[in-house]
Amino acid sequence: MTWHDGAAAVAALTFDVDAESPVLARGGHYAEHLTTMSHQSYGPDVGVPRILDLLDDLSVPATFFVPGWVAEQRPGLAASIVERGHEVAHHSYSHRPPTSLTPAEERDDFERALAVFDAQGITVSGHRAALWEASRQTPALVAEHGLLYDSSLMGDDRPYLLEAGGVVELPVHWSLDDWEQYAYLPAPEIGSVIESPRKVLELWKAELDGMRVYRCLLMLCLHPFLSGRPGRLLALRELIEYALSCGDVSFAQCRDLAVRAAADESLPVRPVSLPVVDPAVYP
Amino acid sequence: MTWHDGAAAVAALTFDVDAESPVLARGGHYAEHLTTMSHQSYGPDVGVPRILDLLDDLSVPATFFVPGWVAEQRPGLAASIVERGHEVAHHSYSHRPPTSLTPAEERDDFERALAVFDAQGITVSGHRAALWEASRQTPALVAEHGLLYDSSLMGDDRPYLLEAGGVVELPVHWSLDDWEQYAYLPAPEIGSVIESPRKVLELWKAELDGMRVYRCLLMLCLHPFLSGRPGRLLALRELIEYALSCGDVSFAQCRDLAVRAAADESLPVRPVSLPVVDPAVYP
Amino acid sequence: MTWHDGAAAVAALTFDVDAESPVLARGGHYAEHLTTMSHQSYGPDVGVPRILDLLDDLSVPATFFVPGWVAEQRPGLAASIVERGHEVAHHSYSHRPPTSLTPAEERDDFERALAVFDAQGITVSGHRAALWEASRQTPALVAEHGLLYDSSLMGDDRPYLLEAGGVVELPVHWSLDDWEQYAYLPAPEIGSVIESPRKVLELWKAELDGMRVYRCLLMLCLHPFLSGRPGRLLALRELIEYALSCGDVSFAQCRDLAVRAAADESLPVRPVSLPVVDPAVYP
Amino acid sequence: MTWHDGAAAVAALTFDVDAESPVLARGGHYAEHLTTMSHQSYGPDVGVPRILDLLDDLSVPATFFVPGWVAEQRPGLAASIVERGHEVAHHSYSHRPPTSLTPAEERDDFERALAVFDAQGITVSGHRAALWEASRQTPALVAEHGLLYDSSLMGDDRPYLLEAGGVVELPVHWSLDDWEQYAYLPAPEIGSVIESPRKVLELWKAELDGMRVYRCLLMLCLHPFLSGRPGRLLALRELIEYALSCGDVSFAQCRDLAVRAAADESLPVRPVSLPVVDPAVYP
């Protein structure tokens, strides 16, 4: 068995349903900023239903990474995604980045999210660190709690095995995220350029074409509050239709990819490598 | 009655006639910066007359959001807009964002603008918060003073009713604002990238095309000191002509839209939702 | 007589030969940054000769704004520009923005530049403020020293008369400057995006086309250390050739434009307008 | 002999194999940021092998600038590049910019890198300052240690001789670097815009076309952690194929270019020029 199952490239459509959490993680007082809160709530309220319809329409599977806090605030949300045949996965409790937390705080946040999904009867098989800011201990937490995969690192553009714990890494990258292309908010400042969906489509098609040459994983990371906008959804539809028309690209949920990857003996094993730094050189 | 009256998408052309106010709101000492002041005064002095001619030429209605301070500084400005058949609406007194004011200061600023319009014999029916930074109390202020609509939130891309007070929300979005595309000023820093009108036209046409699929409100927010420049006006003309050529897009002033929306029983009601935040999670 | 002499639009090619001055104005210690200094010296050393050849080649006139400090450091530079038939104009002594100086410091800097040009036998007829940051007194300084024009304000996109002193204003704009499109330097941070010459050409052609509709002044502001690069020079050549091919665009030095504008009785007079600000509203 | 050997333009493909060093130079604590470290290790682990294959495929030579610290951390890396027929050159030890170091620290860092290459049996002939932030003494260090060339300055876009020491300068420029186009990392903030490979290809082709007119050196500076991504590699391949198809562009390693340049008697000599600054003007 191979992770790619013969495809030239595999596309994983993932949606990080962050809602208000990344803004609140920048300061609890933003809860008083009415416009900002409405900007974020657009994601679950308007974006998610449209995205689910689009996925139905094109018959492609997807994975939704949901912070525990968001699942808690909107009790029916995670279940409504699972009911449509998609995967829900672990995306921290509060969307505070692990590198900003103590090890105990990270563990607490990690386990609190698991408890929320457990209480809602949602089985999660994988994890993505908030802001893709995994810490030294993040892979061990994923392994310890029996999850199959992590999707927060950038050490390759194909799945790889993390040395510690046998966790499958399904790597992400800034260039395959909609945040860098579309996010704009002055307070808190989360981005300052709004690109045209045409440019974004061009960027992602270029990356997909390159990945078909190098047999890679197109790990697309989208946010309903950003990509749920009408013009961006049309561009996403066009990207998916382009991928389907290639004939050599397959689509997969992260969970299925992780199962195939774990059984692929040719998969590279990469150390969870943190350089030992001499403070005289790098204070 | 429906808010869209059968159109696939409705376009609202709105112009925020901010003049010097957003710069002065960043510091009164900028009043001494002669170039910066001239950059802002270009809006009412050069941009507005050209925009009024363009609207005449294409026979499309528009809404002009004017800060009270600006109307006061240029006594004939608001009336000259109304005389051309367009709507003038409330855009705060000083263009200081409500989230930076105490509730009493926000109320004072809000009412001072109403007094200015009242003294000038201008009837305003709606409100847009400065910098789109509505506070918890903003919708209640709008309702209390008998205005029909607010246009500062982003919880949807179709009109919706605000739970508190029955105010119609005509939502805005960063991607339909010219500020993010064109604003450049180093001191105060209000933007740092100057896009080509071609890119902006592409962006807005993409959004309009998406909105025609999802039956949305294209709430275009333009600033005369930005979009009044010659090349940008040609692009705006091209956008309007494109919308007109679609055959399924209608244009409306915000006031008329609000009246239709208030009578549309299918309109979603959205809570003025501010999450209750645990300071242990989000300090 | 009219300022435009019948042309649909007039193009003024202006080159700000800043060399090291804008970087040193951010801190004298940058004089020790060898790469940064070489980045700036490229302007007069490599850019200016190429630009002079290009202007010869296309037979178009230009105006070079030179800081006094730069003329002093490179004694033959200003004369070499005049010898090729172009205009040299006043661009401050040190390139420190007037808004950062006391009135006495601004006067001192202004007069020191005049003394440098005087000593070099260069007659200057106009002035451009460093960083386009004119102060309240800048137009009066220009008038007092007998210069015909200023080119630092943005109150229109056609020449206008400044109420105080009868100085002709030849207005500039961020969108017609190469700095916003091409400047990149991390320390001091002077810009962070490097656009393609194709995009810049598209932007400026769009503005020129708009200006041909509204009969405006295309006041192009270029920096030899930026636009002197090979690919950018080809784009500039293409822009000039496009303007020439339009048949209704003329080219003029600022001095000649100012003479024509001063004799044009239809020219609008704009006040040197600084709003009086209530510190209770704008602290 | 001429540096260009008759070509209209010469292209030097250079790869800065920085790995984790530029991030650690911003703070040793980033060694704990697992995602960030994986983002950087992608360069040597995934990018370099692909780049070597691409160079083989197109039969073009290249130069790899490697920090001593990186060569030390990955003992086989530099040798694996030399074995494929490419040049390895000096890129500091720690990637801390010389302008941030005392003269003694810069010398120490410079010599430590030489010792690493010496111990690995790698002969280096040239140097590039970290972050292109050469100090006043950098060229003298290069000369003192018998290196033929430096590649850190921007005083021209053709090779030139540095007055002090007879070192050949092979100049770089921000516009021919992939960092400004592709780098994105929020912590440390190393860039904030991700351009499409189409735009980058357009930018570099425009510069190459200009350079073919002015007989220049296309000193392309690429980073394996950035340009090693699939879509970007396809664009690089297209750029090289375009250059090859021109018929008047040659490719050269920096070492060979430096040898030719040193023997070219028409080469301009440029002073290592640092202006003497009056602290009363530039504090």
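Every chain is named by a letter (A, B, C and D) in the order it is written, and numbering of its residues begins at 1.
Everything that follows uses one rule, which is that a contact is a pair of C-beta atoms (placed from the backbone, for glycine too) under 8 Å apart; a residue touches a chain by one contact, two chains touch by 3 or more.
The shown structure was predicted, so the numbers you read here are calculated from the model rather than taken from an experiment.
The chain with its C-alpha centre at the largest distance from the centre of chain C is A.
Where chain C touches chain D, the two copies mostly use different residue numbers: shared numbers make up under half of all numbers in play.
Separating the CA-averaged centres of chain C and chain D is a span of 34 Å.
The distance from the centre of chain A to the centre of chain C, each centre being the mean of the chain's C-alpha atoms, comes to 48 Å. Those residues of chain D in touch with two or more other chains are numbered 192-193, 199.
If you sketch which chains touch which, the chains form one closed loop in which each chain touches exactly two neighbours.
The list of touching chain pairs reads A-B, A-D, B-C, C-D. The part of chain D that touches chain C in the complex is made up of residues 99, 129, 131-136, 138-139, 152-157, 171, 173-175, 180-181, 191-193, 199, 202-203, 206-211, 213-214, 216, 270, 272-277, 279, 281-283. Residue ranges of chain A in contact with chain B, taken from their complex: 20, 24-25, 27-28, 31-39, 41-42, 45-46, 50, 69, 73, 93-94, 96, 182, 184-187, 192-199, 229-235.
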